[in-house]
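Take a look at the structures below.
Shared between the two complexes below is chain A, which pairs with chain B and chain C, respectively.
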Partner chain A sequence: EKADPQKTAFLLRKAWTLYSVTPLYGFRRGRLRDYARLLSAFIAAEKQKGLAVEVGVELDIKVALSSLADIRGSEQDQAALLVQLSSRSRGSPRNSEDKPVWWGWFCSVFGDELSESVPEHFTCLPLFLSHGAESYTALVGSWFQKTFDCCFRRLAISPLNLSWMVAMWAGCKLDRAASAVELVFSVPRLAQPLDISYAIHPEDAKALWDTVQKTPGEITQEEVDVFMDCLYAHFHRHFKIHLSAAKLVKISTAIASAHCDGIVKILHSQYLPGVLMLLTELAISQIQ
Partner chain B sequence: HLATSLPLPSERDHLRPRIDLIVFMIDLKSKYSLKNVETSLAYVDASFFLGKVCFLVTGVGRVNACSIEMNAVCKLGETYCSPVLFCELELEGIRATTAQRLVRILRICAGHIPGVSALSFVSMMRKSDAD
Partner chain C sequence: MDETVAEYIRRTVLKIPRDEIKMMLQKWGFLSEAQLQTLNFHQIKDNISQEVVQLCEENSADIKQAAVLDIIYNHIYQNKRMWSVYQMKKSGEELEYFDITDFKKKFKRRLRSALKNVTITFKEYEDNAIWIRVAWGTPHKKPNQYKPSYVVYHSQTPYVFISSSVLKSTLPLLCQALIVASNYHDIREMELRSHSLNSLKDIVFKRYSQNFQTCTPKPLQAGNVEPENEDIRIVDENRSEKERIHRLNQEVFGSGPQPKLEFAQYRLETMFKSDPKMDVLDKKEPFRCLVKFSSPHLLESLKSLAPAGMADAPLSPLLTCIPHKARNYFKIREKKGLYPQSFVSP
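Showing the complex of A and B:
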């Protein structure tokens, strides 16, 4: 299963909700078909109990588990695991296509720090990304937790980490016209909540980062601070508002966008491993 | 006495009582508060750094809302040889305990506690550096 951009194309341009997952106990890569059957039965049983998801049309949920072999960083990383839920309404003919309704995938990109510290029989896939109804996420999550004795937690992204992301991604080289670099701030302690959106031309942002970064391939906290301070100073000059006193809640670049509630959208396949590596790191630090 | 930054307005110098302790407040959720404190430190007379300055860091309860790196704050404490107190002022119980701590420190700095002076804080800081 070599690098197939078609296979990973579905990962782009979707809003993924992030979770950190503790290592899975007793997971066997060879049993994916069995797991799919068990999960399918679990979902059907929960629906019978009345914990149904969709009201209205009777839906059969089909479960498919597969490995995404090229989504990994080092040799130590486990290949990513994809769970896909599709529906087919009971009324429709046999040969009609299944409609995908939910995706969830586990991955580890350079998660060696974690995988090196776990005992045998544990599989490390610390980052989980889901897209689709929250109720399906809860069902799949509880099955995995019961079956592999693991724990899912929403992964929030702090303003500190968001500023790392915007500095890193704004500095990436892109061949074609890129979209603006946008930062969204939320102003605290006001009667009416106020959001400030600060959009910067991508070339200006990259030019600024290039003057700040000393060693290509390496980024330090100081460099991120200088980059952000320049943006804050520029904004203050024009609007007399100290953005550094507000809370950075969302950043958007041509590479990817990220929200502090732990929601990311990856827009560029070339930088997919880089983004996943950063998110894996965040997931691991939440677990430890 | 509360001030948003230093230096204090000079017009009221003659009315001001003696200052025994300066508490610099840093909110981990606001990068601006750290910058403000760093700028204000320049206006403090060197004699205050013999135990009459401390840093009060709030916002530790919400790691996910952090805009400042913890290292930066600890380094500040080391550079100015002054204690760094961590708290979460948004919680009422912790607000009360923090206030009590500050009053205890203030009493020592004001010379109200016999046998203990502000210089004790300095030697405490030195000891933990050596560890």
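Showing the complex of A and C:
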């Protein structure tokens, strides 16, 4: 099911920090306006306590909660929930536009594995993505944790999962000129740390993946391993360096990029559901 | 004093870390020692720079003097800039006597004949280095002092180090003026770039310890390998392998410190070769890749890969050739014919 490109345009080309979130207890979709008010009051109160976010600037933070009905996988998935913080400096006139300063959204794309196993009154939105100041994330996160008895945890992405992503996304068909398929490795434990960027022409990476993948629409761990081994072997042939012993920290394709610290950027709306499905799966693994 | 000159001096002083301002002004020598004594270096930089400007006003500073201060700053903080290396070619073998006055005259004349509005400043340093600063204007605009080019020329060598202005069109003019002034007939850019100007000099002037094949390999001293564990119950199983790696590393990198480079880039246009059993890509066209290595000290980092178990020893010549080929940008294509396993780098 495709998401409305206009509504989801704001999701693209932003660096999102990923979290897994345990199911929310007592969340009611009809009460979004109330929640916005409560969260707004919470933020104002925390600022009064001296946990000010912006120093030296008088800012009013406005909170808006909305549902993104199109961002879900199956009928069982809850629609995504967007939290947006905007600011308006106190000095400016009443009807001046609010400036968005922070976004956070909860979603579940084919998260049936989790939603099927929770009791009543729990809402499953296991993947949380935030963009904006860390201090706002902490405020919003702690309000949700207190209000719905849930738990947020940063979602790191292992080299194994990064290699899945790069193999999968390198194989995607793209209509226009695509950017390179890039893998970034780090060798930190040397006296002088070394970073290696290995960027492959997207057509050549796709050609390689197409010969590795045996069944279209289906990917196995073995195929991902073969793909990566091919890349490692090509590299070793030239440089005599065992790239497999280095740490894969970031991958980048025309579809999306992902960093092991749990930061992703989605570049192509067509593949948004696919990317979110993979990330939902990672979030659920971390919760269970 | 011209307002623009005042502003330029003010901004240049602001760049300098506070505890180095006095030293740099002394090196500049434009303000007298007495004037320098009147400066309060313990206030905020904004105020210090204002006071400096006032003193310069008293001495009627013009852009020429301000430019010298800028060279001094950039000479000390040379590693903030990215430097490219150029090599000039002479037509004959004649060793000509280098006349610095002649050089400067010809350089200025060549540039000024092409572009009326330029600020050209020279400063000579002890290691035979001539620093040249050029600020570029247009036929209708005065030179932009904030985007100059810097050139470092060692007159006894055919090498020129250039930190280009962001105004790309000025580079050909600069190169032209250099060859005319130095009596060479051609100049080409080498594939060698770094922030560390001294390392670039080390590489092209061959001032680093190179890899010499020793006739009799020295027996390994205790100090050469990782300090052994005092506990004799711990036996180093692959001691001989460690020693072999260490010896190969020495042969290939030499035993002295490596020149400091921050990156090396390889554009690969070689074929993808795989184990036929794997039944994968078997294209007749190159597998196009761009590989970039980065490190605070690249060559030392590469040297430590084999001992760390991350690479085979000896390391690939594509990496070890960086200093003696004097390049860190490569384009690698498959060598056709007799030795399909080897690579050419044009």
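Following the convention adopted for this analysis, the second predicted complex is superposed on the first by the 284 of 288 C-alpha atoms of A that agree within 3 Å, B and C clash if a C-alpha of one lies under 4 Å from a C-alpha of the other, contacts with A are read in each partner's own complex, and residues count from 1 in each chain.
Following the convention adopted for this analysis, contacts are C-beta pairs under 8 Å (C-beta built on N, C-alpha and C of every residue); 3 or more make two chains touch, one makes a residue touch a chain.
Quantities reported herein were computed from a predicted structural model and do not represent experimental measurements.
In the superposition on chain A, A:Leu12 makes contact with neither chain B nor chain C.
Of the two partner chains, neither chain B nor chain C is touched by A:Ala64.
In the superposed model, A:Cys260 makes contact with chain B only, not with chain C. Within the superposed three-chain model, A:Val226 lies in touch with chain C and out of touch with chain B [touch as defined at top]. One of chain B and chain C touches more residues of chain A, and that partner is C. In the superposition on chain A, contact is made by A:Ala207 with chain C only, not with chain B.
In the superposed model, A:Leu160 lies in contact with chain B only, and not with chain C. Of the two partner chains placed by the overlay, chain B and chain C both lie in contact with A:His242. By the touch criterion defined above, A:Leu174 reaches neither chain B nor chain C.
Residue overlap on chain A between its contacts with chain B in one complex and with chain C in the other: 242, 245-246. Chain A meets chain B in the complex at residues 156-160, 163, 188, 221, 228, 232, 242, 244-248, 260. If you check the complex, the residues on chain C that touch chain A are 266, 268, 270, 272-275, 278-283, 287-298, 300-302, 304-305, 308-312, 314-316, 318-319, 332, 343.
If you check the complex, the residues on chain A that touch chain C are 180, 187, 189-201, 204, 207-208, 211-212, 226, 229-230, 233-235, 237-242, 245-246. Listing the residues of chain B that touch chain A in their complex gives 29-33, 35, 63-69, 71.
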